[in-house]
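Starting off with a structure, shown below.
In order of appearance the chains are A, B, C, D, E and F, and numbering begins at 1 in each one.
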Amino acid sequence: MAKSGKKMSKVEGKPAANAPARGAAGAPASQGVPDAARGDDTVLIALSLPPVKASESMAAYFAKCQEKLGFIPNVLKAYAFDMGKLEPFVAMYNELMLGPSGLSKLEREMIAVAVSSHNRCYYCLVAHGAAVRQISGDPVLGELMAMNYRAARLSKRQRAMLDFAVKLTAEPWTVEDGDRERLRRAGFSERDIWDIAAVAGFFNMSNRVASATDMRPNSVYHAMAR
Amino acid sequence: MAKSGKKMSKVEGKPAANAPARGAAGAPASQGVPDAARGDDTVLIALSLPPVKASESMAAYFAKCQEKLGFIPNVLKAYAFDMGKLEPFVAMYNELMLGPSGLSKLEREMIAVAVSSHNRCYYCLVAHGAAVRQISGDPVLGELMAMNYRAARLSKRQRAMLDFAVKLTAEPWTVEDGDRERLRRAGFSERDIWDIAAVAGFFNMSNRVASATDMRPNSVYHAMAR
Amino acid sequence: MAKSGKKMSKVEGKPAANAPARGAAGAPASQGVPDAARGDDTVLIALSLPPVKASESMAAYFAKCQEKLGFIPNVLKAYAFDMGKLEPFVAMYNELMLGPSGLSKLEREMIAVAVSSHNRCYYCLVAHGAAVRQISGDPVLGELMAMNYRAARLSKRQRAMLDFAVKLTAEPWTVEDGDRERLRRAGFSERDIWDIAAVAGFFNMSNRVASATDMRPNSVYHAMAR
Amino acid sequence: MAKSGKKMSKVEGKPAANAPARGAAGAPASQGVPDAARGDDTVLIALSLPPVKASESMAAYFAKCQEKLGFIPNVLKAYAFDMGKLEPFVAMYNELMLGPSGLSKLEREMIAVAVSSHNRCYYCLVAHGAAVRQISGDPVLGELMAMNYRAARLSKRQRAMLDFAVKLTAEPWTVEDGDRERLRRAGFSERDIWDIAAVAGFFNMSNRVASATDMRPNSVYHAMAR
Amino acid sequence: MAKSGKKMSKVEGKPAANAPARGAAGAPASQGVPDAARGDDTVLIALSLPPVKASESMAAYFAKCQEKLGFIPNVLKAYAFDMGKLEPFVAMYNELMLGPSGLSKLEREMIAVAVSSHNRCYYCLVAHGAAVRQISGDPVLGELMAMNYRAARLSKRQRAMLDFAVKLTAEPWTVEDGDRERLRRAGFSERDIWDIAAVAGFFNMSNRVASATDMRPNSVYHAMAR
Amino acid sequence: MAKSGKKMSKVEGKPAANAPARGAAGAPASQGVPDAARGDDTVLIALSLPPVKASESMAAYFAKCQEKLGFIPNVLKAYAFDMGKLEPFVAMYNELMLGPSGLSKLEREMIAVAVSSHNRCYYCLVAHGAAVRQISGDPVLGELMAMNYRAARLSKRQRAMLDFAVKLTAEPWTVEDGDRERLRRAGFSERDIWDIAAVAGFFNMSNRVASATDMRPNSVYHAMAR
């Protein structure tokens, strides 16, 4: 659910026109490779769960996404088969990723991508990789988070943050006082530590919902903020 | 090959009276073992995040917990340092675990415990292990979910459900069409599959928040429904 | 966040009377869940290996178990298809777990359970979890050993002991001088180190015999020393 | 070492002008994030191994890279401290990736990226991810190979090819007749199977040389063929 | 504790004369490599646990080893600090490896080595690798068991046996009815299945005692039955 | 591709005479065990890829192998179905393993075997285990590298070298500045670090080509330099 600005909406104009060309006469066909993301914008998940009429608040939220991003992130459409499921998801997501925190929005997105990289989650890597590129204005930072955060040139603070988030993802049962202490020494407050854990936890949930349902990211993300 | 006999039945007779004595003159002291869960009801997490005044809806919810359960689960008190975090957590939890679903409440708790067992999460194993014992009326079922769900005598339906949830926990990147198809063949609907994924996902989040913060379960859970 | 209330306290009042009812008309049936441990006291392993007539010494040992524990642990009955196998098993077990050692009996049982937790062995977690509860008089300590020993409040000595035993279980090929040195610094003698290794080793054997044969623990263990 | 055409050389015109802006007044600074790939084009590896004068054949090869790609891939410059090492590397690389084979060039690049994804190799994911995008004309295919090849819509042939390559990467000791038979059933010849193994093997080598030396990809790759 | 015959005792005549030469003027010195197994016959474990006077039965057993093998296996000398530990170890070992069974002695040794290979146990690989070579008269079979049993040309029976033993070693918690059924289909009786489990279990114990104590194999094993 | 001298060629005289005896009336038959390495010298890989006529340089190289070693290593014969593949392989191998380096030839072979042990590669363990035995004149050193290099008595330099090579093999994505710094502190130059990485990388390639094709080592290696 990355935010995008004008630049992105320009890019958006093209995919519709572009996509059919690829399936028909583009390079992949001559290589025998199907267009790898065909249908990502039409069949959002591998479960047949058609959307219901949006509640008033969710209809307003969708309208806001459309206005600000130029599209509605597929994860929201996927949850829209049941407003009782969509609403708490949106509430939790917005509080965690956009609410007040000692972590910058970029840092929260960096956690999202590093966790999703450990879990090899296609949906979240695409959507939140775009967010890292966009918020940071550093297209390579998004790639590094998605490929191997250890290869990035990071501040000690951000490296400690990601080390904690990825350890918590890989082997949560081994996290102990020493790990929390390392975050404190890197300058994080008690509340910041909660937030690192909560964002890492949230993406460990989302990665699994996305993988379980084969959730497909909006194709517009791919070219965003490159 | 544990020994049992008279000594044990004495201990069994008086847990309530015994508990305070334990820290002072009970058996552990003579063994040099500290009371393993000392303070679990007073220091709920390893972060210093004091609760704020509860919002109206949360105050009502806490009152309802107190009335129905006789206590407020520590996870709720842990989140209570920020109503903006507590409210979506409660909303999502209640919808997932208590809302309408093709999965019985017991099945949802079984997923919770099997996932938490993979992640070796002390808080969730204690709290949701108690829930499995209680809802099922089968105290051993809770133990089996916590120890190794593969050792339980389960219906094909429930075994397929837990196999999916645990695979999704351990290696989410390998979940594919074949896995969803197995659930369908075991009788699950499209919506049920979403619910299995969502509950498994939720506990992958909660396990990590709990492990990151060393969250301690209310000690009352341990003896519940044995 | 398990619910508790009146229903539960009714169940609690009558475990002995309740157990037989469970297979017939108890709560699980209404949930579609089979009684998870049905038959644990009658079909002890998944191999057809009927017991032979006990040798004199083993008959005496069984009688002693019956007198002191009130039952014969199923592992002994499982080995009783061949006295040539039962006798050395009993001899080794008793020497290791009950013989003279710098490790207390509780410490040896703690190793048994922490190792069995790593190996997710249902039989050993149930039987030796009960032993930890009973010997320590601390029911929660048994749970902690079975769920995640890292979450327990332990002395440095006992933490070092369990760290060694679990590393030896998980990756024996990486154990080196530094690991032994850590035990010495925690106050263990040369002989104590042998004993930690020998108990950890023994349960790595027993866990595998139990898992290979689907060995079922006596159901009486579950409620013991709670 | 992806090939690129005119489109790329246009892109190339910009980074030099763009890069300083980012370090100075761009978005990352305001977020406290260092430019994640700073120096990737100047400090190619973390070892101090200055290039020697290129041999005649290698000088010619570098000139050809410059002409066709518009740049010399950093991996070549990294090996250029010793012509005795560079020459066999180039010979093997060109034979494997560009020589005659029943595998298309795109298929060989797909293997390169799927293997590098398993090994989380920053250099190879960037360079060969660009190659997949370019050769296929399908920018998303490169992302899918880098993130999780299992999420791509692939032909059975290509899925079997990547399953073999990734299994060989992750657990080479488990590859057996059945795995080779699956490739034959998917239409691969004996020689094709060798080539799949050889390309997967080559990137298991390159990934490790790159990770051991912290090899940095030319920054031009990032925007290529998006 | 491999058996050896005349051939071995001839080999035995040489090491004493040979060993000093190696430390003094042999190739390793010129390479700066210390003799890798120096002291294996004198410092048997990394714990200071001097032997006590052997009990009558153990003294007789040691004499028998010396007579039949030409040496006393170091594992026996290591346990000899306490006859209470040595005696059940010897009893269990002899029953399992030499007692009546549907598994041939060679098959039991093959399990020993394949399990020890998974656990990378130097002591057991050396001692039982020699046993496989000697009993089979096929020196390569010992190497294959130690390196990767999957690369050996085995009968279906023996492959099924080792697959079970190694799965039980690596992930005992996943062994279920299907695994036992596969052994039955490969021709194993109920008792044979117990024996496979018991031998695999025993070496999972011994591997850990050996690794925990850095147990060193008698150097005579290395050249035996090559 | 181990070098051998006169001693080996003596050994070579025997296998031909020995081999048939084993298949016919030797011990394995009576045990029901097939000769584990039958055909290793005739069917070199599990792919049908017959050799082509050797190029001039490769014919000369084969002649040199035959003269110096007394045989042609099977890996060379396996690659000989295509001179375009064989030649760069030989060039890279010879430069890495025999060319100038701050690492001794023995050290390079030690890396080869320790890496191949992690990857459980039968071909490379046999061929390069023989090389370690031969070059070092210390037969046990070869066994230690193949079984568990951590059990060897090594200099700090060689231990650091192998720790790096094996970490790079197991988890290349975690190698960072600290790992390189440890090598520098152990006395390795920048170029030496490259060489450690390059040799480890090369065997990560070769192990996979060998495992993918079930490559069989020349049986002469087994008895060499014992």
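As a convention for this text, a contact is a pair of C-beta atoms (placed from the backbone, for glycine too) under 8 Å apart; a residue touches a chain by one contact, two chains touch by 3 or more.
Predicted model only: the values in this text are computed from it and were never measured.
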Chains touching both subunit D and subunit E, listed by label: B, F
Most remote chain w.r.t. Subunit E, using mean C-alpha positions, is A
Length of the line joining the C-alpha centres of subunit A and subunit F, rounded to whole Å: 45
How far is the middle of subunit E from the middle of subunit F, if each middle is the mean of its Cα atoms, in Å? 25
Between subunit D and subunit F, what is the separation of their C-alpha centroids in Å? 27
Where subunit B touches two or more other chains at once, the residues are 120-121, 148, 173, 176, 214
Chains as vertices, touching pairs as edges: which of line, ring, star, complete or other describes this one? other
Pairwise chain contacts, counting only pairs that touch as defined: A-B, A-C, A-D, A-F, B-C, B-D, B-E, C-E, C-F, D-E, D-F, E-F
Show which residues of subunit E lie in contact with subunit F when the two form their complex. 22, 26-28, 31-40, 104, 106, 117, 120-122, 125-126, 135-141, 143-144, 146-148, 151-155, 158, 214, 219, 222-223, 226
Under the touch definition given earlier, write down the residues of subunit C that touch subunit A in their complex. 148, 150
Quick one: which bits of subunit B touch subunit A in the complex? Just the residue numbers, please. 46-49, 81, 84-85, 87-89, 91-92, 95, 99, 119-121, 164, 168-169, 172-173, 175-177, 180, 190-191, 193-194, 196-198, 200-202, 204-209, 211-214
Subunit C-touching residues of subunit A, taken from the complex the two chains share: 173-174, 176
